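Just below sit the structures, each encoded as structure tokens.
Below are two complexes that have subunit A in common, paired first with subunit B and then with subunit C.
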Partner chain A sequence: MTGFFGSYLFAWIFWLSLSLGCLGLLLLHQLFRAAWGRAVLPVLEAGARSLPIMAVLFLPILIWGMGDLYPWVHGGDAIDAHRAPYLNMPFFLIRAAFYFIFWVGVSSYLIGLRRRERLTGDVSLAQRRTNVSAPSLVLFVLTVTFAMTDWVMSTEHHWFSTIYGVWFVTGQALSAVAIAALWWRKRQETAAPMQEADFPISRDLGNLLLAFTMMWAYISLSQFLIIWSANLPEETTFYLRRSGHGWDVAGALLIVGQFMIPFLALLSGKTKRSPVMLSRVAGWILAMRVLDIYWIVMPSVREGGVLPAATDVLTFAGIGIIWLVGFVRALRGALPDEADVATAAEAPSHA
Partner chain B sequence: MSAATVHGIIARYESADALLSAARQARQRGYRRMDAFSPMPVHGLSEALDAEDFRLPWLVFLCGVAGAALGYGLQYFVSVVDYPLNIGGRPFHSWPSFIPVTFETTVLLAAFGAVFGMFAMNGLPRPHHPVFGAPGFDRASSDGFFLCVEATDPKFDREEVKRFFADTGAVDVAEVDE
Partner chain C sequence: MSHSSHASQPTHGADRELLIGAHDYGTVTDRIAGVVLNQRGHPLPWFAVFALAFLLLNGMMLTITYLLYRGVGIWGINQPAGWGFDIINFVWWIGIGHAGTLISAILLLMRQQWRTSINRFAEAMTLFAVACAGLYPLLHTGRPWVAYWLFPYPNVMGMWPQFRSPLIWDVFAVSTYMTVSALFWFVGLVPDLATLRDRARNKVARILFGIGALGWRGSARHWSRYEAAYLMLAGLSTPLVLSVHSIVSFDFAVSVLPGWHTTVFPPYFVAGAIYAGFAMVLTLAIPIRAWYGLKDFITDKHLDWMAKIMLATGLIVVYGYVMEMFFGWYSGNPYEGYLIKNRMTGPYAPLFWGLLICNGVVPQVLWSPRWRASVPVLFAVSLVVSVGMWLERFIIIPVSLHRDFLPSSWGMYVPTLWDWGMFIGTLGLFFFLMFLFIRFLPMISIFEMRDLVLRLRGHRSESREPIAKSTEVEPV
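Moving on, here comes the complex of A and B:
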């Protein structure tokens, strides 16, 4: 059964990371209200609305998969004993509940406020969104750090890394901007296209993709460089496990595919200005994000080579379909954003 | 034909929006040699003027590549060729530890390329420019939004440009002496 829950964890973490990325950008948007954020707000809200589904999809792991995935459940050595006050089943469950209650709570509150703003025309509610989002953003980064430490890092028996949470936060934001860029292309093609000269949304999204691509590379390298330089046995296990059986090839592919190719492509203003070209880069980045999560999760939960098992593909597709159905339905029901975009042009723009 | 004695015709507008719309109309009318002056960056103005110039981005990019090559090359030469040292039993060519310095030299040379390239391509430092003589031009750094059609423009015609400026809602229109 280990094989199955390893696959399940990988698939669940990937799709969860899309929702969390959307929530992170949703919170960030409330602080800036830049034109790009107004334009892609429906996507961010729809992504965040899949969080309750993801909470339900966590239950199989909690009920049947814990023993297979997390070595600390069995305990055994002095380090496990030392960590037991934190890493134990009841506290693990309480924390998981807290993360999801916070994420679902803050996203429904923000979406609800905007809906009320639409209905009543009370613009003061926008300020309330900002007031809630500022402290929530801090708590968001903290909860994602703790969640990823609990759910992914603790699949490694003794290994630890303090930059791990930020690594995920950045990767999630990268995924979310990529989804927004894909949606923006579709929007430009179907709805009345907006003047790109007036609203350089595509360029802004491209610049964000570039920034998060660089940040992802920066954090990935920082973690590797620190562990490589110190060369301590308990820290190097993570990379040693990923230095053979094809995992080294996958890692090299990530350096080229998730950093070098998007980085060079996004340096060009031409790529960023065209929603079509930008959507291709965004699609490529999303594909690399799948590989990235696979590379982070799988070697810790399953012995063996880099080639995916049938369960990897099936769980990925299964959770993916559930996520996508939820996302598309939320997107259909989302508030339109034309009015917000129009006001962005009237206010002096500093996007 | 005394067109050679003027630098161009300049118009002052009250707002960034008025300047932006005038610049767009000027482009539609076929004016090409234009410049705009405003107290703050105006979103979309460089697109409206079609003043995009890709020489500087390319220069910055090439300087960045040169910086990366120099930074990495220097470390490789020092640690592998010229003075190899055994540090913690690591290989002489320890690429992970070369990355931070390579990153820094990339940024350094790219920034040099951006700043000095911008100065050179703008012809700076330049103590005087004809538009400084335009009446009230100092308002370009407080509340004036200026658009200037230069005399070198193929479609330049003093009276027609003045009429065009008046039609687009300019507050002041003046000739700029060479």
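Moving on, here comes the complex of A and C:
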């Protein structure tokens, strides 16, 4: 069964990270209220709406998979005993419940506020969204950090890294911007004909993709360099596990695929101005994100080579279909974007 | 002038608060250039601060002279605490510089209007802070006259630096940072130096500003090249905001010492740098705008935004503390665990709790818009943050070093009078240079303020002098 739950964890973490990335950007947007955020608000809300489904999909791991995935469940050595006050089943469940209640709660509250704002035309509600989002963003980063420590990092027996939370938060944001860029192209094709005012949105999304791509590379490199330089046995296990059986090739592919190619492509203003070109880069980045999560999760939960097993593909597709159905339904029922609100609130200063 | 965005692009409603009063191109120019051109108009506080800074600077000269005569033994460093004030203050100063680069480069690329009135003196602050920072490792080498050995040049000694050491990356990172910051600052000054050249009555001033202005005539071609160069320098500076302090953090993180070796260090150091930098910008901006009557340009809106950035970066720093403490425990490593305990209850515990109060607790008042709007509160918080960030480096450096793995190699670190002399001396150097700068160079970018006038008021305002309309360069 180990094989199955390893695959399941990888698939679940990938799709969950899309939802969390959308929630993170949704919170961030309320603080800046930038044009790009107003334009892609529906897609961020729809992504965050899949969180309850993801909570339900965590149940199989909790009920059947814990023993297979997490070595601390069996206890054993001194470090397991030391960590037991934190890593024990009841507290693990309480934390998981808390994370999901917070994520689902804050996303539905924000979406609800915007709905009320639409209905009543009460502009003060936008300020309330901002006021809620600022402290929520702080709690969001903390909850994601501890959730990923619980669910992914603790699959490694003794390993730990203090940058891990930031690594995931950045990767999730990268995925979410990529989805937003894909959706923006689709919207451009189906909705009203492209207007000049739409060009900056595409460019801003491209710049965000570029920024998060660089940020991801910066964090990945920092973690590697610090662990490699100190060369402590308790820390190098993470990279040693990923340096054979083809995992090294996958790691190299990530450097080229998730950093160099998108970095070079996004440097050019031409790529960023065209929603079509941008969506291609975004699609590529999403594919690399799958590989990235696979590279992070799988070597810890399954012995063996880099080639995916049938269960990997099946669970990925299975959870993916459920996530996508939820996402598309949420998108259909979503409130329109706020681009029109923006123009009304902001009279041009001069011709 | 519009290198920050399209002139046709509407400005945000909030941007209207970036300039107060009935200003047109002429009054903006008069007010800023007047500080430099009217040398009689300097307020009393200028002389007071300058005199004090000059005194402290002389104290620093004395300290350095004695240091070169006797050697670094006059400092409190010892075994096991081989790094003390020399590195604490290096990291503290270099961190302060980062806000200047963030404001001038990153906010430019992000097309943020509010950088306009604070970028020039924030950049000057960067230069002077880096100059103060550079002194410490230079003198800590013990033989600064052979500091050029740090550079890899072919030599008959057959000696090369250790390229795997972040200390040598620091040499490159900091010298690149200094060079690019100086260039960026100077290039931004050129059009303003031309304005001063044209307005100065004093012949010497005219000649000196004329040399600095590099023959600037404000032609369309000049503006077009200026914008291209300025954007390129902004692009070059942007990675420096991250790289310099990341490399400084590697100085510690690549070791195997608990308290130093932790993977979150690079982003946590960068956030801390920006945090301390904005605190220093506020510390300088609040009194200077009052003394020189510049509240129309450096408005309460600017202070509000700087306070928000300080709050955000401060929260990232606190996140770093949480991660350090949690994983120090989670690791199950007895040395990591002891380090946390030693910080909380060891001989330097008051400094640790002081750090948490200064960096973690006090700045939380900035959540409240009412407190943020209070200038005295903001000024006090910015001073507290400066102290907090200094304490943070004290906690990281000597407190991690002083209790080595073996209790037989434990010791204490106590800074000597000469340590304090050097630290207070660099404060003197910093304020000495800063106050010379605000007296002899335009501390706010004149032409960018004119651009702001155009952007906020359009062509309605009566223009007393022709302004140059730039060609538009697309930001990257």
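Note that the second predicted complex is superposed on the first by the 333 of 351 C-alpha atoms of A that agree within 3 Å, B and C clash if a C-alpha of one lies under 4 Å from a C-alpha of the other, contacts with A are read in each partner's own complex, and residues count from 1 in each chain.
Just so we're on the same page, a contact is a pair of C-beta atoms (placed from the backbone, for glycine too) under 8 Å apart; a residue touches a chain by one contact, two chains touch by 3 or more.
None of the values given here were measured: they were computed from a predicted structure.
> Between subunit B (first) and subunit C (second), which, if any, makes contact with A:Gly121: first, second, both or neither?
neither
> State whether A:Ile79 touches subunit B only (first), subunit C only (second), both chains, or neither.
So A:Ile79 only meets subunit C here.
> For A:Ile163, decide between first (touching subunit B), second (touching subunit C), both and neither.
second
> Quick one: name whichever of subunit B and subunit C touches more residues of subunit A.
C
> May I ask you to decide whether A:Gly269 touches subunit B, subunit C, both, or neither, giving the answer as first, second, both or neither?
In the superposed model, A:Gly269 contacts both subunit B and subunit C.
> In the overlay, answer first, second, both or neither for which of subunit B and subunit C A:Gln223 touches.
In the superposition, A:Gln223 contacts subunit C only.
> Scan A:Pro233 for contacts with subunit B and subunit C and give back first, second, both or neither.
neither
> Does subunit B (first) or subunit C (second) touch A:Thr145, or do both, or does neither?
Only subunit C is touched by A:Thr145; subunit B is not.
> First (subunit B), second (subunit C), both or neither: which does A:Pro90 touch?
So A:Pro90 meets neither subunit B nor subunit C here.
> Using the superposition described at the top, list the residues of subunit A that contact subunit B and also contact subunit C.
The overlap between the subunit B and subunit C interfaces on subunit A comprises residues 225, 229, 267, 269, 348-351.
> Which of the residues in subunit B end up touching subunit A in this complex?
16, 43-44, 47-48, 54, 57, 61, 88, 96-97, 99-100
> In their complex, what parts of subunit A are in touch with subunit B?
Subunit A reaches subunit B through residues 197-198, 200, 221, 224-225, 228-229, 231, 267, 269, 348-351.
> Which bits of subunit A are touching subunit C when the two form their complex?
78-79, 82-83, 86, 134-135, 138, 141-142, 145, 149, 158, 160-166, 218-219, 222-223, 225-227, 229-230, 232, 234, 267, 269, 345-351
> Given the complex with subunit A, which residues does subunit C contribute to the contact?
10-13, 16, 164, 242, 246, 250, 253-256, 261-267, 315, 319, 322-324, 327, 330-333, 367, 455-460, 474, 476
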